[in-house]
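In what comes next, chain A is part of two complexes: it sits with chain B in the first one and with chain C in the second one.
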Partner chain A sequence: MTTPPRRRLVPAYLATHGRTAAAGTRPLDRLSVLHAAADLPAGLGGEHRQLWELVRPGALTLAEAAAHLRLPVSATVFIAADLAERGALSVRAPIPSAQPVNRDLAERLLSGLRALK
Partner chain B sequence: MVEIVLALLAGAALTAGPLLWSARRAAGTARAATRRATEADNRAQGAEARARTAETRAREGEEHARSADARAHAAEARHTLAEARLAAAVREFTHLAHERLPAAATALTHPRTPVPGPLDTTGGNEELHRALDAVLGAALRAALAERERTDAAARAALRGAASKIQALLIQVRSLLEEIQLSVDDPRLLALDFRNELTLRRVQSLAVLSGSWPGMTREDSPLAELCVGAQSRVAGYARIEITNHLREPRLAVAARAAEPVAIALAEILGNATAYSHPETRVVVAIEQGSSGALVVVDDMGVGMEPDQLERAGDLLDGQAEVLLTELGDPPQAGFAVIGLLCRQFGFGCRVEPSPYGGVRAILRLPADLLTLTDPAAPLSALAPRPITQGAPVFDAGDALPTRKRRTPRVPQQDAPSPRTQRQDAPSPLPAPAGTTPDRARSAWSALQSGTAAGRSAADQPASPQGPAAPEGVETP
Partner chain C sequence: MDFAPSSSNAALLGDGPAGAPAYLPPTDPILMKLMVTGPFGVGKTTFVRTLSEIPTLHTEETMTAAGAPVDDVSRTPGKTATTVAVDFGRLTLADGDFVLYLFGTPGQRRFLPLWEDLARGALGALVLVDTRRLADAFDAMDLIEEAGLPYTVAVNRFPDTPPIALDAVRAALDLDPATPLVELDARVREGCVDALIALTQHVLDRLPQESAP
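Entry: the complex of A and B
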C-alpha cells in the first residue's frame, strides 16, 4: 500500500541556492554519467553528500541520481555541478546511442570479400 | 296757708319746671361731651397705632431696600463669575476640539502619541472636566466602533481576494512541479521560487484577514517544515539550518504544520530583511524535554526596546490587530505570527541576539509534536540531524532509506558535523559487502581504531590507556 503523495513542502529550487545557472562551464545532461572521483570536500550541504554517497559505489546517470534523490533533473544538475567543480565527481559525456549497421553496405562488403577468393 | 303753700308749691313747681329741664339739658350736654371726648380719645389711640404701624412698615421697607441692594451686588458678582466660567469652558472646548480630540484619535493608531489634558488643571471645575472627558470618551468610542466596522469590511474583502489568489497560486505550484519533472530548464526553478514568494505574501494576508491558513498538510517532519519555510524567503541562500534533533522523524501534527511553516517563514523573512545581505541567518532546530524549539539568529541591526516590546505584545496575541494599524507599507510579520500562535497553540518570542541582531525563538509544545511514518522518506534537501551519522542512501533499494547505525550518546554536546561524521565509531562489526552503508561503517571503524592507536602511541605514559577518539564520551 502506498501513502497518498504528500503536498510539497520542500521545493526543488532550494538546490540552486539562489543561482540562475549551475556551476562550471560544461552543461550537464540527463544522461551525463557521474562517478565519485575524490573525497567529499568540506563546506557543502547535505544534498551534496547524499548525491556523492549515491554514486560512490559505481556510476549513475544524472537522471537516475535525480530519481533516487526525488528531485527534478534541473535541480540535481546544480548539485552535481557543484561537486564536479570541486573535483569530487567526474562527469562523462553521455554514451552516444549506437548507429544501426547499414545492412546493404555490409552485404556488398561481404560479397566483395568473397569475390577476392 | 295751705293755699300759700300750695301756691308756693305751685310757684315752685312752676319755677322748678324749667329748672329741671335745663338741668336735664345740662346733664345731656355733659354726657355728649363725655362721649365725644371718649371718641376723640379712641381716635387718637387709633392714629397712634397707625403711626406705629407706618413706622414699622417704613423700617421694613428700608430693610427690604438694603437687602435688595445686597442681592443686586451678589447677582452682579455671580454674573461676572459665570462669564469667567463660560469663557474658561469655551477655551476648554476649543482646546478639546483642536488639540485633545485629534491627539486622542491619533493615539488610537499610534499608542505613543501624547494626549494633552485640560488647560485648567487647578481643579475646582470638576463638573466641566467630567463633561469634557465624557465628550472625549464618546468621540473615541464612536471612532473605535467605526474603525472596527471599516476594518472588518476591509478584512472581509481581503479574505475573499486572498483565498482566490491563493488557490490559483497553489495550482500554479502543482503545475510547475509537474513540468519540472519533464523539462530541465533551470528557469522553471526560478519561476517556482517567485511563485512561492507570492504565495507567502498572499498567505500572510489571508491569515491577517482572519481566514484559515489555506492549506492542509499531513504530519510533517520539523526539519522539512524549517526548510520549507526557508524556501519561502527571498534571501533563502543566506539561511543556514542546523538540525540538532535527537529524533529525526520528529514532526509537527497535521493541524499545526502549515501554520508553523508560515510563522517560521515570517520569522526568517524578518531576519533576512533586516540584516545585511552578506551576513548569515543562523537557524538551530532543538529538541527540548517538553517540546521543540527553532531558534533564529540574525546579525542585523537589531530592534529598539520599544520595538521589541511592541513585537512582544503582537507575538503574545495580546495586542489587537487591525489592518489599519500595520503601518504603510504594512508590517505584518509579527502580527501574523502572533495570530497563528494564539490560534494553534505554539509560542514565539523575540529578544536581542548574542549575534548582534534579533533572536527569535519558536516554541512547539509537546502536544503539537508527533513522529512521522518511518517509511516516508525525508526530502533530500532537508538537513539531517548532526548528532546522527551521515545520511545514508542504499543504492540497492528502490527508495533511499535512513538507518541509524550508531546508538545515540546521551547528554552529548552537539559536536560539529564534520568531527562527528569522521570520528563516530560504529560499535557493530563491519559486515562484508559493498553498500555505502557497510563501507562507511567499516571505514569509520578503521579510522577510529587508527586514531585511538595513534593517540595511545603519542602518550605512552598515560595511565588511562588509549585515549578515546574525539567527539565520543568515554563510558
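Entry: the complex of A and C
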C-alpha cells in the first residue's frame, strides 16, 4: 500500500497571484540556474520568499527548486520570473553562451563521462 | 495513473526533496540534459537513481485527460487533469565544468505534449527496454524520433530475463544500423555509465563537422 504524494495546500493559481503569464522576462526553463541576487523586495511573501530563501545559499536549477518547494514547474516559472524582474534573483541559461550543442561541448562531455570509469 | 507507484515508492524510500538542497558547484557549469525513457516499470527511476549524485527529485507535471499539458491555468478544466511525476537526478563531470541532468520520463504516446516540453534542449535520449515486452518500447521510440533527438537503446536485464541475443533485439525493434544498442543492469553503475557514453558518442557522431577556422 503506497501513500499518494502530499498535496500542496495552496493551489498553483494562488501561488502565482492569479497570473498565467509573466511579462517581459527571458524564457525560463527547467534548467535555468537560479540564485538569489539581492534582498527580497518588501511585500513579497509566501512562495516568493520560499524560493528566494531556497536559492540564497547557492544556485539551483528551476526544476530542482520546484521539486524542493513541491510546486509545479509552471508555477515556479512565474514566481522566478517575478523575482528576477524585481532584481531579487539572478537567472542564467543552462549553457552560458547560449550556443547550440556543438562538437566541442559533446567531446568534453564524452571525456567527462569516460573519466567516471 | 500508472506512474504513481514509482514516485510514491521513491518518496517512501526517502528519495524525496526532504533533505537539504544540494547546490550547484560554484564553477558556473554548463548544464546538459539527457532523457531516459521507456515503458512503465522498465527501470527508468532505478537508472536515474543509480547515476545521480543527489537523491532523486521529482516534479509534478499536470496534464489533462485529453493529453495537453496545462500551462494556462485560466483554461484548467479541473476534473480531467492528471498528474505525472517526472523523476530526475544529476551528475557533475569534468571537475565541475559540466552538470548532466537525467530526466526519467514516461514513454507513452499520450504524453506527447509533456514529452516535447521536457525534451526541449535535450542532447539525446536513452530508451530502456525489457526484452520480455519489446513492443512496449515502440511508443517511446516514436516520441523520440518525432522530437528529432538522437537516441540509444539499452536492454535492462532483470534477474529473471531469459537470454536473448542483441541482434535479435535489434531486428525486433527494427533499429537503424547506426543506432547503438547496449545492455545493462539499471542497478549497476558501470553499465549505466557505458550507456551514457554510447549515447553521447552517437550524439557526437551526428553533429556536423566544424570547418577549420
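Everything below uses one rule, namely that the second predicted complex is superposed on the first by the 84 of 117 C-alpha atoms of A that agree within 3 Å, B and C clash if a C-alpha of one lies under 4 Å from a C-alpha of the other, contacts with A are read in each partner's own complex, and residues count from 1 in each chain.
Keep in mind that, in the parts below, a residue touches a chain if its C-beta (ideal position, glycine included) is under 8 Å from a C-beta of that chain, and two chains touch if they have at least 3 such contacts.
These numbers come from a predicted model, not from an experiment.
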First (chain B), second (chain C), both or neither touched by A:E47: first
Contacts of A:R30 with chain B and chain C, given as first, second, both or neither: both
Which of chain B and chain C A:V101 touches, first, second, both or neither: second
Which of chain B and chain C A:R56 touches, first, second, both or neither: first
Chain B versus chain C as contact partner of A:V73, first or second or both or neither: both
Which superposed partner A:S111 touches (first chain B, second chain C, both, neither): second
Those residues of chain A which chain B touches in one complex and chain C touches in the other: 3, 12-13, 16, 20-21, 30, 54, 57-58, 60, 68, 70, 72-74
Interface residues, chain B side, partner chain A - complex: 173, 177, 180-181, 183-190, 192-193, 196, 215-218, 220, 224-225, 227-228, 230-231, 235-237, 261, 373, 375-377, 379-384, 390-393, 395, 400, 418, 434-436, 439-440
Touching residues (chain side chain A, partner chain B) in the complex: 3, 6-18, 20-22, 30, 42, 45-47, 49-50, 53-54, 56-58, 60, 68-75, 77-78
Complex interface listing, chain A residues touching chain C: 2-5, 12-13, 16, 20-21, 29-31, 33, 54, 57-61, 63-64, 66-68, 70, 72-74, 92, 94-96, 101-117
Of all residues in chain C, those that touch chain A in their complex: 4-5, 7-9, 11-12, 17, 21, 23-24, 26, 28, 30-33, 57-62, 70-74, 76, 83, 85, 88, 90-91, 93-94, 97-98, 100-101, 103, 118, 120-121, 123, 190, 193-194, 196-197, 200-201, 203-204, 207-210
